[in-house]
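Take a look at the structures listed below.
Next, two complexes with chain A in common: one pairs it with chain B, the other with chain C.
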Partner chain A sequence: MVWFYLERIFGYWPVLLKGMGMTIGLSLLSLVIGVAIGFGFGIIRAGRNRWAARALGLYIDFFRATPFLVQVFIVFFILPQVGIELSAFAAGVVALSNMAACFIGEIVAAGLKAVPPGQSEAALASGMTRAQQMRLVVMPQAVRIITPSLVGQFVLLIKDSSVVSAIGLLDLTRSGWLIVQSVPNGLLVFGIVGVGYFIICYPLIHLSRRLERRGQAAFL
Partner chain B sequence: MLGGLNTRVMLEYLPEIWQGFLATLFLSAASFVGAMVLGVLACALAIQPLRWLRAPAVVYVDAIRATPLLAQLYFLYFGLPRLGVVLPEMLIGIIALSLNSGAYMAEIIRSGILSIPRGQVEAGMSTGLSYLQRMRLIVLPQALRVTVSPLIGQAIVLIKDSSLLSLISVVELTRAGQRIAIDRFMPVEGLVATALGYLVLYYVLKSAAGAWQARNSLPGRG
Partner chain C sequence: MIEFSGVNKWFGSLHVLRDISLTVARGEVVVVCGPSGSGKSTLIRCINGLEPFQSGRLLVDGTDLADRKALLRLRTEVGFVFQSFNLYPHKTALENVTLAPIHVRRLSRAQAEERGRALLEKVGLADKMDSYPHQLSGGQQQRVAIARSLCMQPKIMLFDEPTSALDPEMINEVLDVMVGLAREGMTMMVVTHEMGFARKVADRVIFMDRGAIVETAPPETFFTAPAHARTRDFLSKILHQ
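Up next, the complex of A and B:
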């Protein structure tokens, strides 16, 4: 009985493969954009312009407070009303990278604040400009501190990408949803979908734990 | 854009939004309790010395953490009827949310317990306290203090995650907002109302976590 269903599910392997490819592609693209914007957010949040930091804090809070599903709907249904039409894929990338940027921004800001002020004072005393202090002294140390949480954030991003299936994008979760309509065995279908995510996420979770342990050894 | 917000329609749907808000609160509270039970159990299994008892806890935590909640939700929603278990959607949702959050809570509680310096446990041993006494008198009182803030953080995640239950047609805050979108073709009004509901919950819990932190932080350890 189980073999019968397994055979039928594997008849759909092109759909599963396509979904897996979409999940990886969507996550990677959003990751790159999210990290780039997130570091910008973090520098502003930890920076000296307090009003800019506060205004950005409100923006970030909004996206940390609302469910990702609601954010996907906002991008997909509200942006068209102000004249920005997006495909499901583009909407997914915008929503995912925006949320990632908000969470990464707070992580980066915390990392920058964790670097002792003596470091940038020493850099200042040796004649570096503000940009040089950030690039050569503060940021490299902050990046070391935040790397484990960043990797953890990547895992969250990959998992959150499943929510984009709600606007019809054919990712791994959506492919399972389609297959279960004709192969009525949810345990098997979503078991396989789960294995797909596990293959992507588990190595990253492991990496994050290892980095965390190594980081503790370096800083204690 | 917000200037054109149709507040009359929003007020008209206020009772339904309020119902949705209460449903979200109820779902999250019920799942939080379930997740706490699972989390404490999984953590207790994970930190005790017997290897074959540790294994199931580790598999549970890793399997949950490496897969998305939506896939877990569909696994139960499409899978349970196969096993002859027919449950209302709301109950399936609570089970899925509890299972999901329980894994994260196990990790939170475990790292709280592991944060207690080894020397304190040894000091307890040398004064002749038993394992349970050491746990009750030395480890847990300190560990619980450092776990409260992350647990509140997990409650925030749980509330946001409960929005996914709208995808298996449980009526909660997100679903209630969609009613405005579907009945009146006003997605903006529906989403604004929904977002406001979640913002209220977020700020209440965030300030609770801050207040707790301010009153109870241990000297030297945040």
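Up next, the complex of A and C:
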């Protein structure tokens, strides 16, 4: 019986593959955008402009404190009412990269604050501008500190991307929903879907662990 | 070269610099000493704008410190050596030394490296060019830090307790470099308790207490016949410890 179901599930391999492709594509795109905006957020959060840091902090906390599913609904159902019409894919990318930017922003800010103040003083004393000090001295050190947590955040992003199946995107999770309608064995179907996520995420988890070990060895 | 007139600074309600007036001429070596919390580090940190002050006037190499726009240019002319070295841990010794010359002075990499190598040789680190700071001893790190400042070809060098974080056996290797620099005619202000260094090369020694300059004298007078009771008290503590 199990073999019969397995055979039928794998008969749907084009759907599964398509779903996996969507999950990877959606995550990757949101990752790139989220990292770019997240670093900007981090610089403002750790920056000297107190009010900008506080205002941004409130924005970030809002998205850290609300369920991602709710955020997806806001982007997909509520934005059109104020005239911003987005496709399901665009809505997914907006919601995911926004959430990633918020979490990454806090990670980057923590990394920037962990670089000893003597470093920026040394850079300033040699006549560097604030931008040079950030680019040449502080940020490279912060990046080393935060790389393991950043990779960990990427894993969370990939898993959270499953939520966008709720607005109809055919990602890995949704391909499971489709298949389970004709193959009535949820355990098997979603077991296979789970393995799909595992295949994407496990190497990243390993990478994060390796980077963490290497990070501890650096600067000693 | 450096001219304080009536400079005052407060940290909140704490009056850390009281009515400082002081002139340092080109080529002069001035040692600043005093108990901890007397404001001596704050004093020299004002000179390159690392600390703002609230009243008075400070001219450095003809530039008014109140002019925040001129500050960047001024900092390229003033070298600063920190107590805790503050080398860039992600850069090799040579990269530490050449970073600002390349990005601030806009030298070519080749020019900067030529200058950097010569300076690292001068401070006795010819064999450590490609070492990272964590591979160097404290004394070696501080010598790299001095070379890093010199690579900008500054007109003034400031030292903030450069040997206080070092093990005793490494103090002299750093002081020797500083003595050499003083003898070449560099304008220097040095916050230190190394009285041997003060005797050897200082033109003047300044004693600070509670944010004010208490006494200024040439080293021979300062050590043999200090005018103020507080100076005598301080000297007896650090010379007979």
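Just so it is clear, the second predicted complex is superposed on the first by the 218 of 220 C-alpha atoms of A that agree within 3 Å, B and C clash if a C-alpha of one lies under 4 Å from a C-alpha of the other, contacts with A are read in each partner's own complex, and residues count from 1 in each chain.
The rule is simple: a residue touches a chain if its C-beta (ideal position, glycine included) is under 8 Å from a C-beta of that chain, and two chains touch if they have at least 3 such contacts.
Bear in mind that the values here come from a model prediction, so they are computed numbers and not experimental data.
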item: Combined model on chain A: chain C and chain B, fit or clash; value: fit
item: Angle at chain A between chain B and chain C, C-alpha centres, nearest 10 degrees; value: 100
item: Touching partner for A:137 - first (chain B), second (chain C), both, neither; value: second
item: First (chain B), second (chain C), both or neither touched by A:39; value: neither
item: Partner chain in contact with A:63 - chain B first, chain C second, else both or neither; value: neither
item: Partner chain in contact with A:77 - chain B first, chain C second, else both or neither; value: first
item: Touched partner set for A:12, first chain B, second chain C, both or neither; value: neither
item: First (chain B), second (chain C), both or neither touched by A:103; value: neither
item: Touching partner for A:124 - first (chain B), second (chain C), both, neither; value: second
item: Which partner, chain B or chain C, touches more chain A residues; value: B
item: Superposition-derived minimum Cα distance between chain C and chain B (Å); value: 20
item: Footprint overlap on chain A, where chain B in one structure and chain C in the other make contact; value: none
item: Chain B-facing residues of chain A, complex; value: 61-62, 64-70, 73-74, 77-78, 81-82, 155, 158-163, 165-166, 172-173, 176-177, 180, 184-187, 189-191, 193-194, 197-198, 201-202, 205
item: Residue ranges of chain C in contact with chain A within the complex; value: 48, 50, 72-73, 75-76, 78-80, 82, 84, 86-90, 99-100, 103-104, 134, 148-149, 152
item: Contact set on chain A toward chain C in their complex; value: 116, 118-119, 121-129, 132, 136-137, 140-141, 144, 218-220
item: Contact footprint of chain A on chain B as seen in their complex; value: 1, 62-63, 65-72, 74-83, 156, 160-164, 166-167, 174, 177-178, 181, 187-188, 191, 194-195, 198-199, 201-203
